[in-house]
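Heads up, there are several structures right after this.
After this come two complexes, each holding chain A, first together with chain B and then together with chain C.
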Partner chain A sequence: MPLTRKIAFIDLSSGKIRKEPIPKQLRQLYLGGRGLDAYLLYNYIKPGCDPLAPENVITVSGGLLCGSVAPAAGRCHSGTKSPLTNGFGSSNMGGFFSPEMTFAGFHHLVFTGKADKPVYLWVHNGEVELRDARHLWGKDCFETQKLIREELGDEEIQVMCVGQAAENLVRFANVRTGLKNTGGRTGVGCVWGSKNLKAIAARGTMGVGNKYPQEALDYAQKWQRQVVDTKVAEALGYDGTMFIWNVTNTVGLLRYRNFIFNQLEDWENLTVEKFHEKYHAGVVGCFGCPIHCRHQWRIKEGPLAGLYGEGPEYNTQMCMGGLLGITDWESVLHGSHLVDKYGFDMAEFANIAAWAFEIYEKGIINEKDTGGLKLQWADAGHLLPQLLEMVAYRKGFGDLLAEGPLRALKRLGKPEAEYYLLHIKGLGNMISDERPTPALALGVATSSRGCDHLRSRPAIDLLHLPEKVLEEVFDGGPMDSNFTSYVGKAKEIWVMERVFSVVDSIGTCKFQTVFFSPHMPKFEEWAKMIYYITGMEFTPQELRDIGERVYTLERMFNYREAKHTRKDDYVPERYFAEPVPGGFPIVKGRRLEREKFDEMLDEYYALHGWDKEGIPTKETLEKLGLSKEPSHII
Partner chain B sequence: MAEEQKVRCLNCFVRITVPPKAQKLTCPNCGVEYVMAWRGSQAKIAGPAKK
Partner chain C sequence: MQKMLIVDTEKCTGCRFCEVVCSVKHERGSNPSKARIHISKLEDERILVPIVCSQCEEAPCIVVCPTHARSREEQIGRVLVDYDRCIGCKICMAVCPFGAISFDWEAKRIISCNLCDGDPTCVKFCATQALQYVDVTAANRKRQKEVAAKLNESRREFVESSMP
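Up next is the complex of A and B:
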C-alpha cells in the first residue's frame, strides 16, 4: 500500500541518512507530493536563508497514489526555496522516476546541507546511499543518465539529474528525467547544483499494492474510460499539447517577439500539421497514462539529420519559436534538444532572451552590452544555439541572462529596460498573452510560484461553455461564458488552485482534471480512488480543504521568505497600458482594466480568507490548522 | 457517408458547417476567415486566413 512508503532525510554535509515512516496525520493534512513537500519546506528551511546556501532544502516526491493503478499516477514534484523568486520553488514532471522511487520504498526525499564534492543518491529496495559523482560533473543530462545506468548495471534504473546549467548555477536550471521530462519552473536545478547534487537513481521491486485491489482496478478502468472518451483526450493523443496552438494563435492569445504582437507571422511553417509531415516519429506516454500525449521526433535530412528527441509541446512551439520570432521547425527542435541537454527552463530562457531582443531593437542596449551580439529578430533562429550555450555555461552576455529577471535587470543597470521585461514575483511570463482573458491574467498574477499557468489555469474558460456547465465545475455562480468578462473569474481561479493542489498531491496528471474538459475526474473521483487504494476516507469537501491548506501554506511561505503581498499579485504594466494589437475582433484592442482587476483580486482574497493585502487571516489559519506552523510533526 | 463536419467559430462561437475538404472557411455570422486542416475526414482549424 502507498502508505508504507517512507521519507528519507539526506544531510549532504555530513552524509548521514535517516529513514522514517510518513505519519498518517501528515497524509490526512497534505496527502503527499507537492502538498507534503510544502509542509516539509516550510518546516525545514531556515527562514530568510539564501536560496543557494546550505540552509536551503530540496524535496523530491511522488504523490499519495504514485505508482498505483490510478491512471497517470506518475507525476513527480521537486521543491525548494527558489533562487529566482526567493519564494516557493516548485516544479513538477511526468515520466517514470517517482513510480520507480516508490517501488524502491520511498515517497519523499529531503536534502539538507551541501556535499563537499559532487554526489548522487542511489535509492533501491529500502536502501539509500550517497555515491561519488565527480566523474559525472560536467556531463549533460542525457549522458549522466546513461553513465549511471551503466555504472549500476541495470537498464531499468530511472535517473533524475541536472546538467551543466545547474552546475554553473544558472538560476533557472531545472531537473530532468528521461529524454524530456522536466521539473522546469522556479530554478530547482540551480539549488541542486549549489549543493553538489548531480543526480538521483532509483530502482525497486517493492510492489505498491492496494487496500481493496478489485475495487481499485475496476475503478481505475472506469476512470480511464471517462478520460479517453473526452474530445480533449483524442486531440492530445493525436497532436499532443500542440492542439492548443491552433486555437490560441488563430484567435491572437500568444506572445510573438516578446510582446510586440499576439499572433505569429508565417505561422504556416510552425503548425502541428507541418510537424506531422516531416518530423513525427511516434508517440509515448508517462507511467500509467491512457492518453499518450507526447510525440517523438527525428530530423531525417539536412545538417541536423539524425537528431531526435521527445516533444515538442505547445510550450516548445512558442519558447523556442514564436516568443523569439522563430517560425521554422528545425530551429525549434534543435533549440529544444539543447535545452534538454544542458538542463534549464526553456520558458524562463525564452522570456529573458525575447526581452533582450526587444530592448536591443529599441536601442536600450547595444553591442557593447551584448559582447558583440547583434540581437536582431530576423537572426534569432541562427543565434538560438549560441545563446543557449552562452546561458548554460554563463559565457559573455549569457551570464547576465542566466541570472533571471530580477537580478539581470539590476545588473544591467538600465531602468528604462524594466518596462519590457515581463515577470511576476521574479518568474518570467510564459507564452500566453492574457490581456483579453481576465481569468487567466488573475491566475498567473496570483500563482504561488510566480508567473505560471499550472497553479490554476481554467483553460475551459476559453471554450465558451454554457454558464450552467461552468457553475457545476466551479461550485456555483454567477459565471460568464465569455472569456473577456470579469464575472466569476476569481472563483474559477480559486477552484482551480484547489484542483491542481490536490492532483499535485496525489500525483496524477493535470490533463485528467477539468483543466481542459468538464467531463474529466473531479474531487468525487479522487476521493473514491484514494479510498480503494489506501483505505483513507476523505469526502470531496475534505479534499477541497486540503487543496486550500496546501495553497495557503505556500502563500505563507512566500510571505515569510519573500514578503510577497498584494503588490506582487499584479500582471506587468504592459497588460494595462498596451491594447492587444491584432487577432480576431474578440481580442483586438483589449487590455486589462486596473479597477476591474483590483475587484477580482479583492474577490479572490475573500474566497481564500486572506486580508486585503493577500495575507491569510488568523481565523483562516486556525480553520485550516495552520496557526501553529512550523509544527515539526516529523 | 462521411459525417458532416462542424467547427465552432473562435470569435463568435457559432457552429459552422465545413464543406468536405475545404481549405478555407468564413464564419457566416461574424465574417472571420480560417485556414482549415484535415485529420482524415475530421476538419480542424489550422490558423487565421491572412488578409
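Up next is the complex of A and C:
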C-alpha cells in the first residue's frame, strides 16, 4: 500500500540518516509529491537562508499513487529554495525513477546540510546509504547513470542525477533521469551541486498494495480508455508535444528572436513533419503511460551522424530553435543533446541567451562585454554548442549567463538592458508570447515558481470551445470562448492551479488532466482511484481544497523567503508596451491592457482568498488549516 | 479455436504498464518484480522487448521438472505449475530459453504466465497493442499482409521500370 512508504531524512553534513513513516494526517492534508514537499520545505528551511548555503533543503518525492496501477503514476518531484528566485523551487519529471524509489520503500527524501565530498545516495528495499561519488564528479548526466549501474551491478537501477552544470553552480542547473527526463525549472540541480549531491540510485522489489485490487484494476482500465479515447492523446502519441507547434506559430503565439517577432521565419524547416522525415526513431512512454508522447531521434548522416536522444519537445523546438532565431533541425537536436548531457534548463538558457543576442543587436553590449563573441542572429546556430559549453562550465561570457536573470542584470550593470530580459520573479519566460492571451499571461505572472506555464496553463482556452464546455471544466461561468478576452480567465487559472497541484501531489501526469482536453480525468476520477488503491476517502471538493492548501502554502513560502507580493505578479513591461507584430488578425496588434490585467489580478486574489496585495488573509489560512505553519508534524 | 499471446516489439513503448497490471492481477499489489511479463530494455539502442512465457509445445521447463509440477493444458494452450508438486528448485528458470520464468522472492515460489485463464490482463491494458491475444491460425496473418504489401510494391516498381 502507498501509505506504508516512508520518508528518509538525510543530513549530508553528518551523514546521519533517519527513516520515518509518513503521518496519515499529512497524507490527508497534502497527499504526497509536490504537496507534501511544500510542507516539508516550509517546515525545514531556515527562513531567509541563502539558497546555496547548507541550511537550504532538497526534497525528492513520488506522489501518493506513485508506482501504483493508476495510469502514468511515475512523476518525480524535486523541490528546494530556488537559487534563481529565492522563492519556491520546484521541478517535476517523468521517466521511471520515482516508481523505482517507491518499490525501494520510499516516497520522500529530505536532504539537509552539505557533504564534505561528492556523494550519491543508494536507496534499495528499505535501506538508504550514502556512497562516495568522487569518481563521478565531472561526469555528464548520461555517464553518471551508466557508471552507477555498473558499479552496483544491476541494469534495472534507476538513477536521478546532476551533470557538470550543477557542479559548477549554474543557477539553472537541473536534475535528470534516463535520456531526457528533466526536473528542469527553478535551478533545483544547482542546489544539489552546492551540497555535493551527485545522484540518487534506486532499486526495489517492494510492491505497492491495493486496498481493493480488482476495483483498482477495473478503474485503471476505465481511466486508461478515457485518456486514450481523446483526440489529444492520439496527437501526442504521434507527434509528441510538437503537435501544437504549427498551430501556435501560425496564430502567432511564439517568441522568435527573443521577443522581436511572434512567428518564425523559415518555419517550414522546423516542423514536426520535417522531423518525422529525417530524425524520428520511434516513440516511448514514461512509467505506465498509455499516451507515449516521447520521441526518440537519431541523426543518420552528416557531421553529427550517430547522435541520438529522446525528445525533442515543443519546448526544444523553440528553446534550441525559434527563441534564438535558429530554424534548422540539426542545430536544435545537437543543442538538445548538449543540454541533456551537461544538465541545465534549456528554457532558462534560451531566455537569457536570446536576451544577450537582442541587446547585442541593439548595441547595449558589444564584443568587449561578450569576450569577443559576435552575437549575431544569423550565427546563432553555429554559436549554440559553444555557448552551451560556456554556460555549463561558466567560461567567459557564459559565467554571466549562468547567473540567471536577476543576478546577470545586476552584474552587467546596464539598466537599459533590463527591459529586454523577460522574467517574472527571477525565472525566465519560456517560449510563448502571452500578449494575445490574457489567461496564459495571468498564469505565468502569478505562478508560484516564477514565470512558468506548468503551474496553471489552461491550454484548452486556445481551442475556442463552446462556453458551456468551459463552464463545465472550470466549475461554472461566466466564460468566454475567445482567448483574447479577459472574461472568466482568472477563474480558469485558479481552477487549473488546483488541478495541477493535486495531480503533482498524486504523481500522475499533467497530460492526463483537463490541460488539453475537457474529457480527461479530474477530481472525481482521482478521488475514486485514491480510494481503490489506498482506502482513503476524499470528495472531489476535498481534493480541490488540498490543491488550494498546497498552492497557498507555496505562496506563503514565496512571501516568507522572497517577499513576493502583488508587485511581483506582473508580466514584463514589454507585454504592455509593444503590440504583437504578426499572426492571425485576432492576434496582431494586441498587447495586454494594464487596467484589465489589474482587474484580473483582483479577481484572482479574491478567488484564492488573498488580500489586494496577494497575501493570504488570516481567514483563508484558518480555513485551510495553515495558520499554525510551520507545524512540524514530522 | 485456441488463442496465443503475440508480441509486436515495434509497437512497444516500454511503459511497463503490463508489468504493473500483471502483478496487480496475480499478486494484488503493483510490483514489477513479481510480474509474469517483463520489458527488456536497452534504452540507448531503442530495444524494447516484452518477455513473457511462449507457452511452448515442447516446453523445456516441463521436460526438466523433477517433480512433474509443470504440465501442458491444451484447453487454453498453456503451461501450468502445480504448486503442490513444485519444490522451487528453479531448474525451469535455468532452462527457459527466454528467461520468462521468475521466482517470487517473498512467497518463495516459481511464477510464470498462465494467460489469466484465457483473458490476459496485459493485453487488455496494452495501449499500443504491442501485446495481442489472437487465434493461433491467424497469428501470422498480419506478417503475411505486410510481406504481401512489400511484394506488391516491388512488383509495381518492376512493372513501371520496364515500361518504355
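Just a few scattered comments:
Rule of thumb we're sticking to: the second predicted complex is superposed on the first by the 634 of 634 C-alpha atoms of A that agree within 3 Å, B and C clash if a C-alpha of one lies under 4 Å from a C-alpha of the other, contacts with A are read in each partner's own complex, and residues count from 1 in each chain.
Going forward, a residue touches a chain if its C-beta (ideal position, glycine included) is under 8 Å from a C-beta of that chain, and two chains touch if they have at least 3 such contacts.
Keep in mind the model is a prediction, meaning the values are calculated, not measured.
In the superposition on chain A, contact of A:Phe287 is made with chain C only, not with chain B.
Contact with chain C, but none with chain B, is seen for A:Pro213 once the two complexes are overlaid on the shared chain. Legend: residue contacts after superposition of the two complexes on their common chain; A:Lys278 is shown touching neither chain B nor chain C. Here chain B and chain C are compared by how many residues of chain A each touches, and C touches more. Judged by the touch definition given at the top, the superposed model places A:Asn249 against chain B, while chain C stays out of reach.
In the superposed model, A:Ser68 makes contact with chain C only, not with chain B. In the superposition on chain A, contact of A:Gln221 is made with chain C only, not with chain B.
In the superposed model, A:Phe96 lies in contact with chain C only, and not with chain B. In the superposition on chain A, A:Lys19 makes contact with neither chain B nor chain C. Judged by the document's definition of touching, no chain A residue lies at the interface with chain B and also at the interface with chain C.
Considering their complex, residues 13-17, 20-21, 23-25, 27-34, 43-44, 46, 48, 105, 121, 124-125, 127-128 of chain C touch chain A.
The part of chain A that touches chain B in the complex is made up of residues 238, 246-247, 249-252, 263, 267-268, 271, 273, 464, 583-586. Within the complex formed with chain C, the residues of chain A that make contact are 1, 67-69, 71, 96, 103, 178-179, 204-210, 213, 216-217, 220-221, 224, 228, 237, 281-292, 296, 308.
Those residues of chain B that touch chain A in the shared complex are 8, 10-13, 30, 32, 34-35, 37, 39, 44-48.
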